[in-house]
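In what follows, subunit A forms one complex with subunit B and a second complex with subunit C.
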Partner chain A sequence: MLFTLISGILIGIFYGLMGLGLNFIFGVMKIVNLAHGDFVMLGAFGVYLAYSVWNLNPLIALGIELVIFLAIGIPLYYGFVPRLLKSRDPEMLSLILFFGLSQVIESLASFAFGTNPDTVNPTVFGSQPVNIFGQSIQMSWIVAVLISLLAMAFMYGYLYHTKIGIATRAIMGHRTEAMSSGINVHRVSAIAFAIGIALAITAGSMTPFVLGGIYPSMGVDLTTTSFAVIVIGSLGNPLGTILGGLIYGICLMLMQTYLPSWSSLVPYLLLILILLFRPSGLLGRRERNA
Partner chain B sequence: MAKLFRATQLDVGYGKMQILWDIELEVNQGERVLVLGPNGAGKSTLLQSLVGLMQIWRGQIFYHEDPIQNLRIDHRIRKGISFVSELGVVPSLTVEDNLRLGGYYSSKREVLQRMEEMYEEFPAIKEKRKALAGSLSGGQRKMLSTAKALMSHPQLLIMDEPSSGLAPLLVTEVIQILSRFQKQGLSFLIAEQNVKFLDIADKVYVLDAGHIAFSGTVEELKMNDALNRAYFGVSGHSS
Partner chain C sequence: MSREPLLEVTNLVKTFGGFRALDGVTFTLHKGEIMGLVGPNGSGKTTCINVISGLYKPDSGNLRFLGKTIAGQAPHKMARLGINRTFQVPKPFRELTVAENILVVHATNKHTEIGDPLEFVGLKNVAHRKAGSLTSGQQKLLDLARALASGPSLLLIDELAAGLSPSELDDVAEKLLTLATRGISLLVVEHLLGFVNQLTQRVIVMNAGKEIFEGDLASAAKDERVVEVYLGR
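So, the complex of A and B:
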C-alpha cells in the first residue's frame, strides 16, 4: 500500500507536468491543443534519437529539444492561433485543426520511427534504486519527478513573479480587458503557446523512463490522460493541474495494484465523475458578480 | 487650449453593419468631454474604436496632432491614453495585480510609487489589496478600474459608462474623484447616459443612432429644446 501511494504521488507529479502545457494553452487561448500528446511523443522520440544515435544524455537532449521547440512554438502560434481566434467558434475549430495537426505529426513520426515500440535504457541515470520511506524507487523516476517539479516551479515563478506573468494571467482571466489595459495579447499568447509546447516536450523527454515503451500513436492516449488531469484540477488553471495529476496518479496506481485489468478506465472514470459532480474542477473558482 | 485628441470623419461598424457615421470629436488639454447618449447609440463602439480595440472603416484619429489610427492599443496607451472599459478590471486578479497591469509599461520602482499614490487616493482599495477584484463591490471595482487606468500616468482618460451599476451616492463620489484628477491636468473623454456627469463636463457630444446629434457646451445643450426635453424631461432642466 505504501509503495502504491508513493509511486502514485511520484507518477502523479509527472502526469501533472504532462497536463500543464495543455492547460496553460487552454487557459490563455481558450483553444484545445489536441496535438498535445503528439508533442509529448515527439519529446520522447527526441530523447530516444539523441541517446540511441549519438549516445547523448537525455537531460542534454532535453535542453536541445527545448530550444528547438520554443523556436517552433512562436511561428506555430502566429500561423494557426490568431486565425482561429477570429472565427466564430474558436474552441470547436481548434479541436478540428489540432486533430489534423495531431494526425500529421503521428503519420510523420510513424514514417520516421516505425510503429513498433522503442525505449531508452532506464539505467542511464544510474542503476541504484533510491530508498523512500523504505520503498525502492528507480533513479529514472526520481529524475522525472525532479524535472517535473522544476518545470512546475518555473511555471509558478513565470506566472506569479514576472511582469509577463501578470499579463498572461490577465489574458487568462479576461482577454478583452487585458487588451483594454494595453497588453499585446498576441505577443504574450505566442510566448505562452511556445511554453505550453515546451512543457509537453519536457514531459515527453521523461516518458520513456516513466511509461516505458514509446510509439508514434501514443499521442492520442496521452492527450486523453492530460485532458482528464486538467479537468480534475481545473480547466484553465495551470496550477490546478498539479492537484489533478496527483489525484490521477494515486487513483491509477491503486487501480493497477488492486484492479489491474480496470486501470485503463481510470482517466475516463475520473473525467465522468468530475464533470458530473464538480464541472469547474476541484480548484474551479467562483466570483462575486455584483 | 492645445488640442490633445481629435477624431475626424470616423465611420465604424461590425462586419457589414455600420454603427457610427462621420464622427467628429475633439478633446483639448485639461478638458472634460462627455459623450451623452442612450443605450445602443454607439457610445461603447465609439470609445473602443478611439482606443484601438475596434478597426475603423474610415477617418483619422490624432493624438497631439500625430495620426494614431493605425497604432495598436498598447502603443496608444504607451503614448498616454488610458481606457476604462465598462468592466474595468480583471476579476480573477488581485487588486494589487490589477494595478500592476495598469502600470505594465512602467518600471518596477515607478509602479510601486504610483501604487502607493493610488492607495492614498482610493483608501477603500488599499484595504483589499490582496483580494480578488471579482470579490469587490461595484463601487470598489469602479475605484479600482479608475486607479488601474491612472497607473500609467495618462494624459487622457477614456471611460466607458463609469456610473454603470453604481448607486447614486457612489456616482457622486466617482464624479468628485474625477474632478480631483482634472485639477492635476488630466483630460477626460467619458461616455455616459447619466446626465449627472454634465456637472463636470466642459463640452458635450450627444450621440444618437450612430450620429453626432449635438456638440457644444452644457449651457448650449440646455438651450436646445429637443435635447433638453430628451435628457432632462419635458419641464426642462431647472438648475
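So, the complex of A and C:
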C-alpha cells in the first residue's frame, strides 16, 4: 500500500507536468490543443532518437528539443491562433483544428518511426534504485519527478515574478481589458503557446522512463489523460493541474495494484465523476469564463 | 487648452449585423480639452469609445490622432500612441494585486506624467491587496489608475461616475479636472449630466448612432432634438 501511494504521488507529479501545458494554453487563449498528446509523443521520440542514434543523454536531448519546439511554437501560434480567436466559437473551432493537427503529427510520426512500440534504456540515469520510506523507486522515475518539479517551479517563477508572466495572468483574467490596457496580447500569448508546447515536450522526454513503450498513436490517450488531469483540478488553473495530477496518479496506481485490468478506465471514470459532481474542477469557481 | 486638434473623428460608421451603432459621427477634440459624450442608452456612446480605443474596427470613416490616421489599429498600439480608456463596468485583473494591475500596463513611452497612478487615485494603501477584493468604487478608481499608467494624452472615460456616492463624484471630478490641467484630453461618456457639468460645458449629444447636438451643455438642455430624445414629445 505504501509503495502504491508513493509511486502514485511520484507519477502524479509527472502527470501534473503533462497536463500543465494543455491547461496553460487553455487558460491564456481559451482554446483546446487536442494535439497536446502528440507533442508529448514527439518529445518522447526526440529522446528516443537522440539516445538510439547518437547515444545522447536524454537531459541533453531535452535541452535541444526545448530550443527547437520553443522556436516552432511561436510561428505555430501566429499561423493558427489569431485566426481562431477571431471566429465566433474559438473553443469549438480549436477542437477541430488541433484534432486535424494531431492526425497530421501522428501520421508523420508513423511514417518516421513505424507503428511498433519503442523503448529507451530505463537505466540510462543509473541502475541503482532510490530508497523512499523503505520503498525502492527506480532512478529514472526520480529524474522524471525532479524534471517535473523544476518545470513547475519555472512556471511559478514565470507567472508570478516576471512582468511578462504577470501580463499573462492578466490576459488569463480578462483578455479584452488586457488588450485595451496596452498589453500586446498576441506577443504574450505566442510566448505562452510556445511554453505550453515546451511543457508537453518536457513531459514527453520523460515518458519513455515513466510509461515504458512509446508509439506514434499514443498521443490520443495522452491527450485524454491530460484532459482528465486538468478537469479534475480546474480548467485554466495551473495550480489545479498539479492537484489533478496527484489525484490521477494515486487513483491510477491504486487501480493498477488492486484492479489492474480496469486501470485504463481511470481517466474516463475520473472525468465522468468530476463532470457529474464538480464540473468546474476541485479548485475551480462555480462558473467558468470560457 | 490649445486649439490644436488632438483627435479628429470623421464620418465614423460601425454596424453590428443590421444595426447601425455609429452612423457618421464627426467631431474634433483639442489638446487639453474635456468633452462630454452624452445620450440615452443605446445611442452609440460606448461603441464610439470602443472604436477610438481600437477594440472595434470601424466599417468606414476616419480617425486621426495628432494628424496621423489611426483607424483600425489594435488596442495596444492605440495605448502606445497615447490613447487609453476606462470601462463602464470595470474589470480589474482580479487575481493580480492592485500594484500588479498597474505594473503590467506601465508603458515605456509615456506621453504625460502624473506620477504614481495609485497615489493619484488614492489606492496606494491597498497596493498589496488582490484587485478582486476591492469595493466597486475602488475598482473604478483602479480602472482609472490602470489607464493612467500608460501615460496617455487622450483618456476615454466610460461612465466612471455610475454607482459612486456624491462625495466620491466630487472627488473623481476634481481628479479629472487635474488631469486636464496636466495636458490630458478627456472624452467623457456619461449619463449624469450634473457630473458632466462639473467637468466641461462642451458636449456632444448622440442618438441612434448619430450626433444630434454639439455645443455647450446649457444650450443642449434647450435644444428641441435633445429634449425630444431625453423626454419624448
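Throughout what follows, the second predicted complex is superposed on the first by the 285 of 290 C-alpha atoms of A that agree within 3 Å, B and C clash if a C-alpha of one lies under 4 Å from a C-alpha of the other, contacts with A are read in each partner's own complex, and residues count from 1 in each chain.
Assume a residue touches a chain if its C-beta (ideal position, glycine included) is under 8 Å from a C-beta of that chain, and two chains touch if they have at least 3 such contacts.
Treat the numbers as computed from the prediction; the structure is a model and nothing was measured.
Superposition note: with subunit A as the common reference, subunit B and subunit C are in steric clash. With both structures placed on the common chain, the touch criterion links A:I183 to subunit B and to subunit C. Of the two partner chains placed by the overlay, neither subunit B nor subunit C lies in contact with A:L235.
Of the two partner chains, subunit B and subunit C are each touched by A:H174.
In the superposition on chain A, A:I166 contacts both subunit B and subunit C. Counting contacts by the rule stated earlier, residues 163, 166-167, 169-170, 172-174, 176-184 of subunit A appear in both its interface with subunit B and its interface with subunit C. Against subunit B, in their complex, subunit A makes its touches with residues 163, 166-167, 169-170, 172-174, 176-184, 285, 287-288, 290. Note for the complex: subunit B touches subunit A at residues 51, 53, 72-74, 76-78, 83, 85, 87-93, 97, 100-102, 104-105, 132, 134-138, 148, 152, 165. For subunit C in complex with subunit A, the touching residues are 53-55, 74-76, 79-80, 84-85, 87, 91-96, 100-101, 103-105, 107, 146-147, 149-150.
On subunit A, the positions that touch subunit C within their shared complex are 163, 166-167, 169-170, 172-174, 176-185.
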